[in-house]
Every structure is written in structure tokens, then in C-alpha cells.
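Heads up, the next two complexes both have chain A, just with different partners, chain B and then chain C.
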Partner chain A sequence: MEISEQLAAAVAEIFSTMIMMDVTVVQTAPERTSTFTDSISGVIGLAGTQKGVLALHFPVPVALAVTSSFLGMEVAELGPDVEDAIGELANMLGGSVKTMLTDKGRDIQLSMPTTISGGHYDFQSLNDALRHALGFHTDAGDFLVELQLER
Partner chain B sequence: MGKNVLLVDDSSTMRKIVGRSLRQAGLDFDNIFEAADGLEALALLEKEKVDVILTDINMPNMDGISFLREKAGRDAIKGIPAFVISTETGDDIIGEAKSLGALGAIKKPFTPEKVNEVLGALA
Partner chain C sequence: MTHPEAAELAVALAAGLQEIFVGMVMLDISALPPLAEPPRLLPAQLTSSIGLGGAIRGALALHCPRAVALSIAGAMLGIEVEELDADTQDAIGEIANMLAGHLKIALAAAGIAVHLAVPTTVTGAGYRIGGVGGAARLVAPFHIAAGEFWVELLIAWG
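Entry: the complex of A and B
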């Protein structure tokens, strides 16, 4: 199975088992975007035999809906709960990516997840990276997942 | 006397989700203690009676493997059953965790049914 297909399956599994939200892939090769508006991104780095970056980019309203469903309580504004939830999503997806890229996740280390948020920010791509990106739809809106791997 | 569980994870979201999954799985612990890393967990274990530990692997300050190693070296707490609950479930990491006394592992993402399957006999 292609990495993009595995990525889609991993996102769907996380959302169905942990967040109780349905997600569908709406874009299989979204245009490269480096500037985000009123958004939050969960980011995790990969090191070892395969280096790269995994990022999940959510518009704020989608991040609030995801966090609310994740925690089982209404979350109305961006803050530590949302940052933690989006970081943990990146962490869980990072674990799945490790398994996709190597035999049972051997020889790849994950960084601690971080988040970036704000009214306007840039997320720079790695130079000469192989990019797998997918756009997802939820009832609360759309979000983007991108995996950049050094060649 | 009721049983107490300690959840060790740097994500407050994940601690809430695991606590909720324990209840959904019908595992009736009297107290659910929380720690954000291995150091906090060791400090809590000095004060509280804990019957089962669920620990993440990737955490700041003291990760899950270092925590299990410390725990294995302390007579007062080395016998407390511990399980890994993590995105890190590769054979090498789980093998190391088991060599340090972990009894099993739950991979994130997980369902309450999986939690019950792994922990059911201990609750």
C-alpha cells in the first residue's frame, strides 16, 4: 500500500477510535501551502534512518471541534487543552508513520510533539523533501495532513 | 479495599482519555492518579498506594523506559504491575519495557475493549 493510503487509513483509525468523528479524504495531492491563517498545527519530527516532519494543520474552528470530541466536553477557545490535544494527535499519527516506514518502527525516533498557532504563520517545507499530503473533511470543516521525508 | 491506578503521560488529553476508557471498559478503580512524567510518577508513588501503573514511553524529564528502570530498582514499588500505553510499540522498545517489568502494552490509538483485554484481570 502506498504511503498516502496508509496515512489516510491511520488518520481514519485515530479519528474513529479516539475522537469519534468521521473523516474522509477530499484531496489526495493538495497544493503546497506554507502560510496558515487562524490555524493550529501539530508537528512531530522523525530522525534516524528516515528523517522528516509530520504536520497536521487545523483551522481553529476544526481544532476546537476535534478537541471537544476528543475530551468529551465543550472547548470554546484556543488554549492549552487544544494545543495538548492537537500535539497528541500528531504523536499518535507519528507512531503510525514509524510503523509504515520501517519494520515495526525500528530505527526511527520521534521528537516530542509541538504546536504552532496564530492568526498568521508560516510553516516552511524541508528542502528537496518527498511530500505526501492529504486533505480531510469532517462535519466541522477540513484539515490537512502532510508528511515530508528527506530523500 | 479498592484499587488505585496511576496514569503517566505528558499529555493531559491522553490522561483524560485513558481514565475515561478505564471507566468505559468497566474497570472500577477507586482513584485515578496522574503524573506528567517519570519523575512525577516516582514522587507520587512515595506518597500514594498504587495498584496498577499505565505509562507512556515518550515523555520529557524522565521517559517511560527510565521510569520503569527506576521502579525496578526500588523495593517498595518494583512489584506494582505496570503496562505501557504508547504510540511506541515496536518490538525493541516493548522488549526493553518488559525486561524492566512491564507486563504488556496498549498501542495508541486504542479502544476501551483493548484496555479491558489487557488490564481486565488486574482491576
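Entry: the complex of A and C
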């Protein structure tokens, strides 16, 4: 299976088992965008035999819905709960990516997940990378998953 | 696992940055004491981060106000730099990468094997970079003629 297909399957599985939300892939090759408005991004680095970065970009309303569903309580504003939830989501998906890229995930290490949040920011990573990006839809809105791997 | 104290890591980061500035940037730099209570949001317009994996999980970030980023990139590239463009982002990313390399060596000396991910850059204003709950957070300010900037280290010890 292609990395993109595996990524889509991993996102769907994490959302159905951990977040208890349905997601569908709406874009298999979304137009490249690096500018985000009223959003939060979860970012996790891949180190070791394969270097890269995995980023999940959520508009704030979608992040709030995801966090509320994940924690099983209403979360109405961007704060530490949302940062932790989006960071943990990046972490879980990072774990799946690790397994996709190497046999049993050996020799790839994940960094600490971090989040970027703000009214308007631009996120850039590798200039020359293999890029896999997918757009997803939830009832609360859409979000983007982007995996960049060093060549 | 016994691990270095925050103060030791701050010293290692300051020594690393000093060496990078002397060798590559050629600007005078001074280290200020790490912030006792770092604010949630640092007033930066360009942040270069790099993930750390292996025996620890962490992230190292360089937070620069616009004037500082332009001054560093200009000095490194030997040209006038006026925008937080790809050249500026590459220059600051390269410093973050080199500084992470210094940290890797310092941690290796303490028997902690760390691997580096790739640098990522955030530009904007009023954005916040967050770690995960429970992570140790060190924020060390540095000063150059163009102003102050901050090195942030987030670590979860294995």
C-alpha cells in the first residue's frame, strides 16, 4: 500500500478508536498551503534512519471538537487541554508512521510533539522532501495531515 | 536515568551558540540567565524548531523577533536581508540545527544518545509553541546588537 493510503487508514483508525469521531478523506493531494488562520498544528519530528516531520493542521473549531470528543467533556477554548490533545494525536499518528516506514518501527525515533497555535502563522519544513498530504472531513470541519520525509 | 540539570544544559547551549556565532555568524552575542518563569508566549516573528528523539524526547526552538532574524541571516549570508523569506528561514534553521548538534554532543557526554529530526520554521506574530504537559521547559535569552532572542528546550526524560 502507498504511504498516503496507509496514512489515511491510520488517521481513520485513530479517530474511530481513540477520538470516537468519523473522518473521511476529502482530498488526496491538497494544494500546498503553509499559511494557517485561527488554527493549531500538532508537529512531531522523525529522527534516525528516516528523518522527517509529521504535521496535523486544525482550524480551532475542529480542534475544539476533537479535544471535546477525545476527553469526553466540553472544551470551549484553546488552552493546555487542546494543546495536549492535538500533541497526543500527532504522537499517535507518529507511532503509526514509524511502523509504516520501517519493519516494526525500529531505528526511527519520534521527538516530543509540539503545537503551534495562533491567529495567523506560516509553517515551513523541508525544502526538498517527499511530501504526502491528505485533507480530512469531520462533522466539525476539515483538517490537514502532512508528512514530509527527507530524501 | 540520571540526567543533566537544566543549569548544565543552559551552559552547554550558551557555549554552543557562542561557538556558532563566532565561527559562522560573526556577530557578538551574550547569554542572559535562563528565565525563572518563562511566559506562555514569546514575542517572536520567526521560530525554528528541531525535534529530538532517542533516549529522550524533546524539541529545541530558536525564537527570533524580526529584527534579530534579519540581522543574523544578513550576517551569515553576507547580504542585506529585508524579509523573513526562505533565505532567512534557512539561515535560522541552520543555526537551530547546529545548536541541536552541540546539545546532542553534550548529552552524549552524559551517556544520553539523541537523534535529531529536521528543522521546521514558523513565521507570524502572536503564535505560541507548546510542548506536552509534564515536559521540562528551559528558556534562555540571548542578546545581540539587533535585540534579544530566546532558545527554548523542551525535554521529557526517558
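Observations on the model:
Following the convention adopted for this analysis, the second predicted complex is superposed on the first by the 151 of 151 C-alpha atoms of A that agree within 3 Å, B and C clash if a C-alpha of one lies under 4 Å from a C-alpha of the other, contacts with A are read in each partner's own complex, and residues count from 1 in each chain.
As a working rule, a contact is a pair of C-beta atoms (placed from the backbone, for glycine too) under 8 Å apart; a residue touches a chain by one contact, two chains touch by 3 or more.
This one's a predicted model, so the numbers in the text were calculated from it and none came from an experiment.
In the superposition on chain A, A:E150 contacts chain C only, with no contact to chain B. Shared-chain residue A:M112: touches chain B and chain C both. By the document's definition of touching, of the two partners only chain C reaches A:V53; chain B does not. Once the two complexes are laid over each other on the shared chain, residue contacts for A:G72 go to chain B alone; chain C is not touched. Shared-chain residue A:Y121: touches chain C; no touch with chain B. In the superposition on chain A, contact is made by A:T17 with chain B only, not with chain C. Using the contact criterion defined above for the overlaid structures, shared-chain residue A:E88 touches chain B and also reaches chain C. For the contact definition in use here, the residues of chain A common to its chain B contact set and its chain C contact set are 80, 84, 87-88, 91, 110, 112.
For chain C in complex with chain A, the touching residues are 49-54, 57-59, 61, 86, 89-90, 115-133, 135, 154-156. Touching chain C in their complex are the following residues of chain A: 43-48, 51-53, 55, 80, 83-84, 87-88, 91, 109-127, 148, 150. If you check the complex, the residues on chain B that touch chain A are 10-14, 16-17, 20, 58, 60, 86-93, 107-111. The touching residues of chain A, when paired with chain B in their complex, are 13-14, 17-18, 67, 70-72, 80-81, 84-85, 87-88, 91-92, 94-96, 98-99, 104-106, 110, 112.
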